[in-house]
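Chain IDs A, B, C and D follow the sequence of writing; residue 1 opens each chain.
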């Protein structure tokens, strides 16, 4: 089921994009605009580097999840979503082909 | 099918982690070690900010895909993978619950 | 006179390094430790990129001043100061030589 | 004499801004344009974080010097220079006042 987490999160972000800024952290972020979202992307990337150098696995997961989340907010800000990233990774690594082969093996 | 792209990429990264550095960019990155991977995470985050401010959607997708890819290399470096991030996002946003509800509606 | 600004700031930082965290933002930053200082370095670098892309000169000056300030806090955290950076830039660009020549011209 | 290093570096950058890109790394950077300079600012900030967490003082100095250098290139790109940053730090920390007092003590 996990594979749908990103899709569900995209849907939540779609709703929060037009919600009142009082309703949630994410609605406030959309309302504050692009620069606020970008500052968070930069912050979370730095925190990922710090967590990795500290070698704390729980922190690494926490910070990379934060980073992915804020890049998904940025994607939605530009009317894009996680699907655009997955398609790009698929085409870059030939993952659709690999997937086809994986399915044929079953 | 797209939902499996991250899982397939995790498998490719698992193989490249132990491959000879001559074989691919990714094998070289693992071989160069943590700091090289972290530099790429920082670079791609900055390039995401630049692409977003330039307003070029193809570039935004390209840079965020690069950023996700390099965070996945970092996860694998620490014996983690995309599944750890999806579980974290699920628990943070109650996505398993939402998914359950979504499934029940069908 | 301006040329001494960095030296004076180094002295202020030296005092605040051992001051009570209640006394100032900078004393609090030293007390919070390395990771807090590094997060600020990352944040200010991102804000410099954003300000530059926005093309707002007052903002660019504000953010680069913030970035230099927080790198000076980081230097002091490691018992270094702005002098170490100026010496490095001097030796890298042959500035002591240039300075000598500039002085001889007078 | 060190206090003039930034001023001399500003002058070098002024010359390289209009020099042929073949002549030096810095002339090439100006010719490549704003985004190339910003990528370097982001890279050097990340490398500063990595060097600090590694606790290697020579590396910390090296990376912060790189970071200051590239922010000075960025300033010059926007027709600003290190003087604008020193004035900002002076006014923020009341350094001109402190300097006056320091001079009066002599």
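Criterion: a residue touches a chain if its C-beta (ideal position, glycine included) is under 8 Å from a C-beta of that chain, and two chains touch if they have at least 3 such contacts.
Note that the structure is a prediction, hence the values are computed from the model and not measured.
Novice: Could you quickly compare B-C and A-B and let me know which has more C-beta contacts?
Specialist: A-B
Novice: Rounded to the nearest whole Å, what is the centre-to-centre distance of subunit A and subunit B, using the mean of the C-alpha atoms as each centre?
Specialist: So the centroids are 9 Å from each other.
Novice: Measuring centre to centre with CA averages, how many angstrom lie between subunit B and subunit C?
Specialist: Each chain reduced to its C-alpha mean, subunit B and subunit C end up 34 Å apart.
Novice: Which residues of subunit B are in contact with two or more other chains?
Specialist: Only 38, 41-42, 45-46, 49-50, 53-54 qualify.
Novice: Which category does the touching pattern between chains fall into here: line, ring, star, complete, or other?
Specialist: Drawn as a graph, the chains make a fully connected set, so complete.
Novice: State the interface residues of subunit C toward subunit B in the complex, per the touch definition above.
Specialist: Checking each residue of subunit C against subunit B gives 45-46, 49-50, 53-54.
Novice: How about subunit C: which of its residues touch subunit A in the complex?
Specialist: Touch list, subunit C to subunit A: 35, 38-39, 41-43, 45-47, 49-50, 54.
Novice: In their shared complex, at which residues does subunit D touch subunit C?
Specialist: 1-9, 12, 34, 37-38, 41-42, 45-46, 48-49, 52-53, 55, 57, 60-62, 64-65, 67-69, 71, 74-75, 78, 80, 83-90, 92-93, 95-96, 98-99, 102
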